[in-house]
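Both complexes shown next keep chain A, but they swap its partner, so chain B is in the first and chain C is in the second.
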Partner chain A sequence: MVLELRKIAIRSIEFGSPARIEGDKLIVDPDEMKEWMLEDSRIKNVSFDIALPGTSTRILPVKDVIEPRAKQEGETFPGLFREDMEEAGSGVTYCLDGCVVTTTGPIVGFQEGVIDMSGPAAEYNVYSKLCHLVMILEKQDYVDPHEHEEVVRLAGIKLARKVGELAFPCENYTTETYEWGNIGENYNAYPDLPRVVYVYNCMSQGLLHDSYFYGRDSKIIVPTMLTPLEVFDGALVSGNCVSPGSKTTTYMHQNNACIKELFKHHGKDFNFVGIVLCPLMTTLKEKFRNRMLTVRQVKMLGADGALISQEGFGNPTTDLMIVCQELERNGIKTVIITNEDAGIDGMSESLPDSVPEANAIVTTGNSNATLMLPAMDKTIGVLKDIERVCGGNVNSIQPDGRLLIEIHGIMGGHNLQGNTLVGAVTI
Partner chain B sequence: MKKILFYTNQFFGQIGGEEFAYTEPFVEEGAKGPAMGLKAALPEAEIVATVICGDNYFAENVDKCKEFIQAQVEKYQPDLFVAGPAFNAGRFGIACGESCTLVQEDLGIPAITGMYEENPAVDMFKAYCKIVKTAKSAAGMKDAIAKMSALAGKILRGEKLGLPKEEGYFPMGKRVNVFHEKNGAVRAVEMLVRKLNGEPYETELEISTYEKVEPSAPLPDLKHAKIALCTSGGIVPFGNPDHLTAASAKFWKKYDLAGLDKLEKGKFESVHAGYDPVYANENPNRVAPYNVLKELEKEGEIGEVYPYLITTTGNSTSVADATRFGKEIAEDLKAAGVQGVILTST
Partner chain C sequence: MTLMKASIFSNNVDIEDLVPSAFSFYLLPDAPARDVLTAARDRIHLGAKLLAHPMAGRLRPNETPYRTVVLEEGGEGALDLPSFGIIEYCLAEEDKYAAMRRKYDEALLPDLRFIDCEIFQSVLKELGL
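This part shows the complex of A and B:
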């Protein structure tokens, strides 16, 4: 299987007609986009805005962030819009690099976060460095919370795919080509190197805590093998999961930092032989089942080492720990990525669960630490919702317009595929 | 010139041995005892005075001694307070820890001391002041003074301190955020390569092992017991009057349920960000089953239901805060004569 990612660098966005890409500028037509979106009768109203890096702009409550990607043959984000579907991860995929579709609008739940395009919060995530085409969605009154989530999720993906199609005529692209064989070919590719498997944890716990694999809710799958190429093509879509800091947005799936890094070392330091997707469920029985099934597949792939990325915290820390423990007990050397909840003052225990085998941990920082954000000239969305979301509280908005929040509240602020520079040390 | 106030005991202050351990605190101008070494190593600073106190006197008169030290700090206005080093001396270690904590925490002036790792005062005070690692006995004085002088110099010059292990002091145990040059995925894969190759690597987070909570023995007689309902599922009166947060709770609340048989939809709701709240909002008893407890009370299975809902949000709440909540809630319930608790989580 061979996948070519054709990347068109986008450095700014403007409204205009007809929609097109000129050099590194994306031009989109709000009327046309509105028409696309209102095809879903559950959407009452939709409007669009633009947020560019370095500007005094704040977006909240953000639900999902998606990189526009499209294919001329086959489809990106398979399983979401059509009855039939093909395996993703081969052919040519056009990617608008540096630009994203970001969904906002009235809050669905407590898990939606803040993106600041400048100031201190911009240091914490990768989103602040991207050009955002922001879609503000309002649902019809009859739409209940679960359907509300589905409406905004599908609208975001649909727009990202439509906008991605604008890249088809572009010729100024760079390419990244990835190859992936079957299990036997991969296993035998580098016989002298240790084999590494990536365990890809994804939240699977209900409204705003779900992920979608080929359009299916990950609560109703068991751990399964998948290829990195499928991930690049949108086989995994965020159900706008969990708190903003640790939310694996669709963008973070498409640009999974662990997969990118594993490919860099592949064939040099180790042989990257596979990925096992592990849904993080709520009950202990499911956790034990998924541990067994995940570790079983990692063993089937012949792994000597494993990297586990995380989504969420709290009860998912148990999944992270027990999978790590079982891998180590099977002689598979394991590194895990987690954030910490060490309290506002950093003096608390960092994690709610632990095993002694977790002896190689990368941390993306103490999420309880607070940050004072300056007031912004422009807010896209609803500022007051900060009072209700994870990382915010009723005292978040200061009388002078500044915003006091925990790192939790910043979208991608402690991304658990490690796509952030934030970490923590003990002093 | 920067000013240092120094603290030592009767022995290192050259008053005498154990027979002088009840010496009351006094102050002498300039550097005495180990402060002489500090003075030599730090020409840019002046040791303005040395406080000397007997170890037994300090141990038995902590408040008086702290008052004395505070008075000296106010008089001499030092830029830094240095105590010890105490090596493995228990009482002297506590005196150094108490005085440094007073100066650093209450008076806001940096304070450092030095101790051997097994000195019990290390665990008592490392969170409040910088304790340089020293040898077990005064044979390590030269090395201890060199390390303490180096740290003192950096603090006085306002230089940014490195990590505790680089500077040679015991970590205070405080986690602080930093920005790395490489993102987490790059660091994780590099760590994995080292682990696979059997090369040394350093975990970024040392795992703690938690105290296991032993379940209590069953209640012998439920029919006469008073039972309370607690939840970490974020169930609150509708509208969330006390603004319990969706995550990282800093308090718990107790709501009066007198006269109620259940938690009605629209009168109670979930504010917890860690689970799908739709079903809990439909029927709050799903998370906090007050209805079932009241039925069991009616049927005589339970003697009495404590007519309150005790609630917090267990989402991203730090272990330290959760432990505090547990203690506070237990005190409240014990005072109310509660014998058993149903604690629901989500």
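This part shows the complex of A and C:
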């Protein structure tokens, strides 16, 4: 399996007609995009806006962030729009690098977080460095919360695919090529290096707590082997989960930092032999079942070591810990990535579960720490929604217009695949 | 799934309509989430087991006042150590977030009950109910 990612660098977005890419500028036609979106009769109205890096702009409440990707042969995000589907992860995929489709607007209860395009919050997340084509959707009155989530999810993916197709005529691109063999080929590729498997946890617990694998709700799959190339092609899509700092948006799936890092060391420091997708369920029985099935597959892949990433808050730490424990008991050295919830002052117990075997932990930071954000000239969305955003509260808006928010309220502020701008590196 | 005897502790009034008839339901209306967890902890001390993680979903203790705990009763008095460990961690989380307690927007409460019900329904589905 070979996948070529053709990356077209986008550095700005403008409205205009016809839609096209000129150099590093993406030009999109709001009327045309509106027509595409209104093909779904559940959408009453839609509007668009643009947010560019470095500007005094704030987006909230953000739902999903998606990198436009499209294929001339085959399809990106398979399983979402058609009955038939092919395995993702081969051929040529066009990617608009530096640009995203961002969906916004309230669905139920607690809302997603904030993206600031400048200021202190912009120092935390990768999203602030991207050009955002923001879509604000209004649903028909009869659409219930479940369908509302689906409408927003599908609209975002559809727009990302349509916009991605604008890259087809582009000749000014860079390429990244990834190859992936079958289990035997991968196992034997670097016999002198330790074999490493990535355990990819994803939320699977109900409305606004879900992920989608080839269009299917991940609650109804068992732990499954998948290839990194499928992930790049959109086999995994976010279900608009409500946990801004630690959620895995579709962008974070498409650009999974663990996978990229594993590829960087593949063939040099270790042999990256596979991924096991592990749904994070609600009941202890399913958690233990998924532990057993995940560890079984990691063993089948012949792993000497494993890396586990997680999503969400609270109960997923139990999954993280029990899988780590079982891998270690099977002689598989395991590293886990998690954020900490150590209180505003960082002095509290930081994890809601732990096991002695978890002796190699990478932290993505303390989500409870607070930041004072300056007022922005422009807000896309409703500023008052900060009161309903995870990490915000009814006292977030200061009399002078500033915002007091937990790091957790910043989209991707402590992303759990480690895709943030804050971290410690060895020099 | 055949359960010997299950019980639900919740401070969410909307859960009641969703509780299967064979379950015992203990509603603690308007009680703090910590009281729900404590009531469940006491049953665990008497031999009950957690069926679902009490912090299922992803809202933190200072982001929702609602908590619903699903237990299997009838453990013949033997302490189930995993359940004991998890419920103690949950109580510690409640205490940690007490210092970061937020004022709830009243208009938000029905939505928070709704999300709690959604997670509870996922629990029932996972239990095959």
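Observations, loosely collected:
The criterion applied here is as follows: the second predicted complex is superposed on the first by the 414 of 427 C-alpha atoms of A that agree within 3 Å, B and C clash if a C-alpha of one lies under 4 Å from a C-alpha of the other, contacts with A are read in each partner's own complex, and residues count from 1 in each chain.
Rule of thumb we're sticking to: contacts are C-beta pairs under 8 Å (C-beta built on N, C-alpha and C of every residue); 3 or more make two chains touch, one makes a residue touch a chain.
Worth saying up front: this structure is predicted, and the values here are computed from it rather than measured.
For the composite obtained by superposing both complexes on chain A, the positions of chain B and chain C are in clash. Applying the stated contact rule after C-alpha superposition, one finds that A:343 touches each of chain B and chain C.
Legend: residue contacts after superposition of the two complexes on their common chain; A:168 is shown touching neither chain B nor chain C. By the touch criterion defined above, A:15 lies against neither chain B nor chain C after alignment on the C-alpha atoms of chain A.
Legend: residue contacts after superposition of the two complexes on their common chain; A:205 is shown touching both chain B and chain C. Judged by the touch definition given at the top, the superposed model places A:219 against chain C, while chain B stays out of reach.
With both structures placed on the common chain, the touch criterion links A:109 to chain B and to chain C. Of the two partner chains placed by superposition, only chain C is touched by A:284; chain B is not.
Residue contacts after overlaying the shared chain place A:190 against neither chain B nor chain C. A simple residue count on chain A separates chain B from chain C, and the partner touching more is B.
In the overlay built on the shared chain, the residue A:262 is in contact with chain B alone; chain C does not reach it.
Residue overlap on chain A between its contacts with chain B in one complex and with chain C in the other: 109-110, 145, 205-209, 242-243, 282, 312-315, 341, 343-344, 348-349, 352-353, 368, 387-388, 390, 393-394. On the chain B side of its complex with chain A, the touching residues are 127, 161, 163-164, 171-189, 191-193, 195-196, 201, 203-210, 243, 245-248, 271-278, 314-321.
Residues 49-53, 55-60, 63-64, 70, 82-83, 85-86, 89-90, 92-93, 96, 99-100, 102-105, 108, 111-112, 114-115, 118-119, 121-123, 125-127 of chain C are the ones touching chain A in the complex.
Note for the complex: chain A touches chain C at residues 108-110, 145, 203, 205-209, 219, 241-243, 246, 281-287, 312-316, 318, 341, 343-344, 348-349, 352-353, 368, 387-388, 390, 393-395.
Taken in their complex, chain A has these residues touching chain B: 109-111, 123, 144-146, 194, 196, 205-209, 242-243, 257-258, 260-262, 264-265, 269-270, 282, 304-305, 307, 309, 312-315, 333-338, 340-356, 358-369, 387-394, 406-408, 415, 417-427.
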